[in-house]
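Sharing a structure with you now.
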Amino acid sequence: MTGTTTLAARPPAVGSPPRATVRGPRGRRLLYWTATHAIAIAMAIMFLAPLVFMFLTAVMSANQTLTGALWPSSWHWENFGKALTTDDGVMLRWLLNTLVYAVLATVFMLISSVPVAYALARFRFRGRKTAFVLVITTMMLPPQVTIVPMYIVWARFHLTGTLWPLIIPMLFGDAFSIFLLRQFLVTIPREYADAARVDGCGEVRTMLRVILPMARPAIAAVALFQFFYAWNDYFGPLIYTKPQTWTLAVGLSTFRAAHHVEWNLTMAATLLTVLPVIIVFFLAQRVFIQGVTLTGVKG
Amino acid sequence: MAAVLTAGPATVVATRARRRHRIRVLAFMSPWLIGFSFFFAYPLAATVYFSFFRYNLFQLRPVGLTNYRFLFKDPYAWTAIKNTLWLVVVMVPSRVLFGLGLAQLLAKIKRGGNLLRAIFYLPFLIPPVAATVAFVFVVNPGTGPINGIAAKIGIHLPDWFNDPAWTKPGLTLLALWGIGDVMIILLAALLDVPKTLYEAAAIDGANAWQQFRRITLPTISPVLMFSVVTGVIQTLQYFTQAMVAANASQGNADQAGTTTAPGYPDGASLTFPQTLYNEGFQQFNMGYACVLALVLFAVAMVFTLILLRRFHAFGDDD
Amino acid sequence: MFRRHRRLVTALTATLLATACTAGGGGSPADSGPKAEAPQTIEVWHGWSAPHEVKAFDDAVAGFRRLHPNITVKLVKGQDDTKILNAVRGGNPPDVVSSFSTNNVGQFCSSGALQDLTPFLQKDNVDLGIFPQAVQTYTQYKGARCTLPLLADDYALYTNKALMKGEQPPKTISELTALAKKLTVRNPDGSIKVAGFLPSDTYYEHVPEHIAPSFGVTWLNAQGRANFASDPGFTKYLRWQKSLLDWYGYDNVKKFVHSMGQEFEASNPFEKGKVAMAVDGEWRVKFLQQEAPKVQYATTPVPVNDDRQTTYGGGFVTGTVIGIPRGARHPQASWEFVKYMTTNTDALVTFANGLGNVPSTIPALSSPKLTLPPQFQTFLDVFKNPNSTTIPSTVNGGDFIVKFQSFVQDQWEPGKVSDLHQGLTKLDTQVDNALKLAGG
């Protein structure tokens, strides 16, 4: 970190005598504490409100959703079932497609990205720096930049209309995952790997047996990020898929148009898309937050 | 990429060991080498190539600079550039400031801090399509509950996603809801500021603002910088929310067979990647879409370079 | 050094070219693919989605299924032009596609997205004379016949008898304007309770292509370029439209449009009795029968501008088109399907009855088996009227309509245009630029 300045190095602040004469320091602290917590709680309510409204709307009758009402006059739990079974259960198909995309993309990404990150973090070779810079560059550039020629290539192989154009590239390393894994791997002291090598382990075995188990939190983080990326991805499936291969994201975006004023069904479908995310998040909160921190701070 | 294949410093190393090292590096790096060439270098070169053609996937005709010239005559592209610029100038700083505010708040709170952190982070994870559809409904005048509450306390809220003037502010609000990523990064940075600095300042009689101004800000400024730059890069790709918000709020206007102009209402939600999508995959002016892709590439590259300067220390340790 | 580079560049270019030229695969002549007699499954995409519409198509296909038991027909509903084009360009198209609008026929035919049907037509000696002239025109582009008509649509004025309060349906624009004001009922705050006639482009079918023809507009000039500034018809249409809109108040109309129901559901404001007069397609007859059987209504041709009274009786004509995508896997069976659906009188009449659409062949138009309500007669008459018009085909489909509509909706109606002529001139340039970009 650069630019760290301690106040001690500066002339002491002048002209601000302690004003805590009327109310003692404890009173002020209490006031401060109350204010902070009040704001935090108000904020939390605002952050949760859309989700709550989403839920309340999902269990309303179709007519009631158009009235701007807050509370359901009657509870229609069957809306969730309706959302799932409407149009011959098309949502279940979207769910299946999304799972295929997310699971395969995650597995492929791990197989291909871990060795690359390992090499970038552990091996010394010329061009390593260039390679790492290129990894960061590809990670940063918008996916739209290369979409036109990629579409043409996949069309040539007759793979447009399927999920493969989104899955196959994951076999060849994902820049963000490589970057994040590498950032973690460089923090593992070299001595561990050296010790393994003394024990006669080859490089592959050192990676699999010694380093990777230590990198478990980072691997879990990239796997989760990849899974969520695929789950949430809209642009990719929008370009490549057709109605039979739509994912939840694309399908959901058409749901509103297909069901017009039936906001209750749209909200039920939306909530069903969100639910797995919320569950996974609360199960794996630590992994997420550590992962995000890793992307920004360790620099 | 020849550089990668050459071994390390020319010391007296046995040729066999060097070759083995080379093969090992190559083996570990191979997925990325192939991926980079086929899914990045090649399409980038092809984008340049196709930008000189009129191509609708059926017929390929060289047209010289026509596609480039059209860029200056294309009203959609300019609307999109203006909108994207608006988002960069307003949405990015708002997110960083709001994220910083929330992070400060969380840093102060001891009990219940974990729960609050989870609540603030959660919306970031909600699939953007779902978040947008829900948000459009919630703030929808007439039917949305927020509008109902506001009307009861006498506030007249705008017609967010149906009013050209309020569409982008509406999208900004949506982006503030999904503040999670920025907030967590800044929170980590805030917690990293050494406590001793604050203690020293408190002894010197510095008030809260002075402490923030003189200690917090300088210490976390690299992270703030990171958030701003990545924020800009993300905003350059801003697509999903704008497109879904337009579709969801337009709602009653769509009918199979008829197409409407992009960026409902009145082009207010048209972002740059959306024009690219529209030209390339709705109109199938693929040559022109390549020109738009190159513009996006050039702008994104500038910000990527800024970011790279921050990372340049990484590869140096050999 | 330089030579080596050049070789590299050549190699790269060659690779790129190879990629570029093979996308989509070649076109298929009339005798490729499996024979029509072979057992096979064909996938047919269409745009209908309402239950009675989907059923009507299924019923019309029944005859084909009996005739060709070896061909299994898989119908996929709710498809639009974007999805069709995407599927064709991706090289993975269905066997038969149908599109609701003729707007994109130019694009379909000129790009080769749909196959030229001429070899098929010649092989089976199909007489094109069974299709009315206007229909023959809008199903081809510059001599490339890549679609055939599958029923037709045209537009007329629906009037709600109860809300008309004994008034006769208007025949001219000034009569329409006077009645629109007279029949409008407002709430105390000035907002609209019952609208006489909503002139806004945002009211479902009141888009320029359906209303502007009453002012005698020509969409493209002889050179195929935009004509908005030079054709006075557009200015007349826009000035009339805006003055009536302002009488209602733009915000009132906007509010009304946002709160009205869904066009193709029982919540439709005409069916609900919230609108006295509306221009709509012939399918509304069937919808009214299904969704609002109690509404008493009449149909008459769309009123014409006062200086064009001799042209009264015509209207905007368009239709659903059907074709075979490039790269379809079973072209022989697809052709049998297209031929049957577009030329078989029984199939067309069954379909027209079920859907409430206008049949698209002359024998079917005069078939005694047509069993539609009396209000439907207006649409048959409009369809045959020589003053009826359609919109021209271009290489970039209905782009000029989309741009004009967006101009009307986003600029003109809210009052953002200070100089109309200047605005239309700018629009012309934009339309022409886009046409040139697409190679028009």
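Every chain is named by a letter (A, B and C) in the order it is written, and numbering of its residues begins at 1.
The rule is simple: contacts are C-beta pairs under 8 Å (C-beta built on N, C-alpha and C of every residue); 3 or more make two chains touch, one makes a residue touch a chain.
Because the structure is predicted, anything quoted here is derived from the model rather than measured.
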Tell me, which chains sit next to both chain A and chain B? C
Relative to chain B, largest Cα-centroid distance belongs to chain C
Dist(centroid_CA(chain A), centroid_CA(chain B)) in Å evaluates to 13
For chain A and chain C, let me know how many angstrom lie between their CA-based centres, rounded off. 43
Length of the line joining the C-alpha centres of chain B and chain C, rounded to whole Å: 39
Multi-chain contacts in chain B: which residues touch at least two other chains? 46, 50, 57, 142, 252, 281
Quick check on chain A: which residues sit in contact with 2+ other chains? 149, 152-153, 155, 260
Quick check on chain C: which residues sit in contact with 2+ other chains? 19-20, 23-24, 78-79, 86, 89, 262
Chain C partner, complex, touching residues on chain B are 45-46, 49-50, 53-61, 66-67, 70, 73-75, 142, 162, 164, 252-253, 255-261, 265-267, 281-285, 288
Chain A contacts chain B in the complex at 1-8, 10, 12-13, 16, 18, 36-37, 39-40, 43-44, 47-51, 53-54, 56-57, 65-70, 111-113, 115-116, 118-120, 123-138, 140-153, 155, 169, 171-173, 178, 203, 228, 231-232, 234-235, 238-239, 248-250, 252-253, 255-257, 260, 263, 266-267, 270-271, 273-274, 277-278, 281-282, 285, 288-289, 292-293, 295-297, 299
Which part of chain C faces chain B closely enough to touch in the complex? 12-13, 16-17, 19-21, 23-24, 47, 49, 78-82, 85-86, 89, 99-101, 103, 111-113, 202, 207, 258-260, 262-264, 326, 396-399, 402-403, 405-406, 409-411, 429-430, 433, 436-439
Enumerate the contact residues on chain B facing chain A in the complex. 1, 3-8, 21-22, 24-25, 27-29, 31-32, 34-36, 38-40, 42-44, 46-47, 50, 57, 102, 105-106, 108-109, 116-123, 125-131, 133-135, 137-138, 142-149, 177, 180-181, 184-185, 188-189, 192, 197, 200-201, 204-207, 210-211, 214-215, 218-219, 221-223, 226-227, 230, 233, 236-237, 239-240, 243-244, 247-248, 251-252, 254, 273, 276-277, 280-281, 286, 289-290, 293-294, 296-297, 300-301, 303-304, 307-308, 310-312, 314-316, 318
Interface with chain C, chain A side, in the complex: residues 149, 152-156, 158, 160-161, 242-243, 258, 260-261
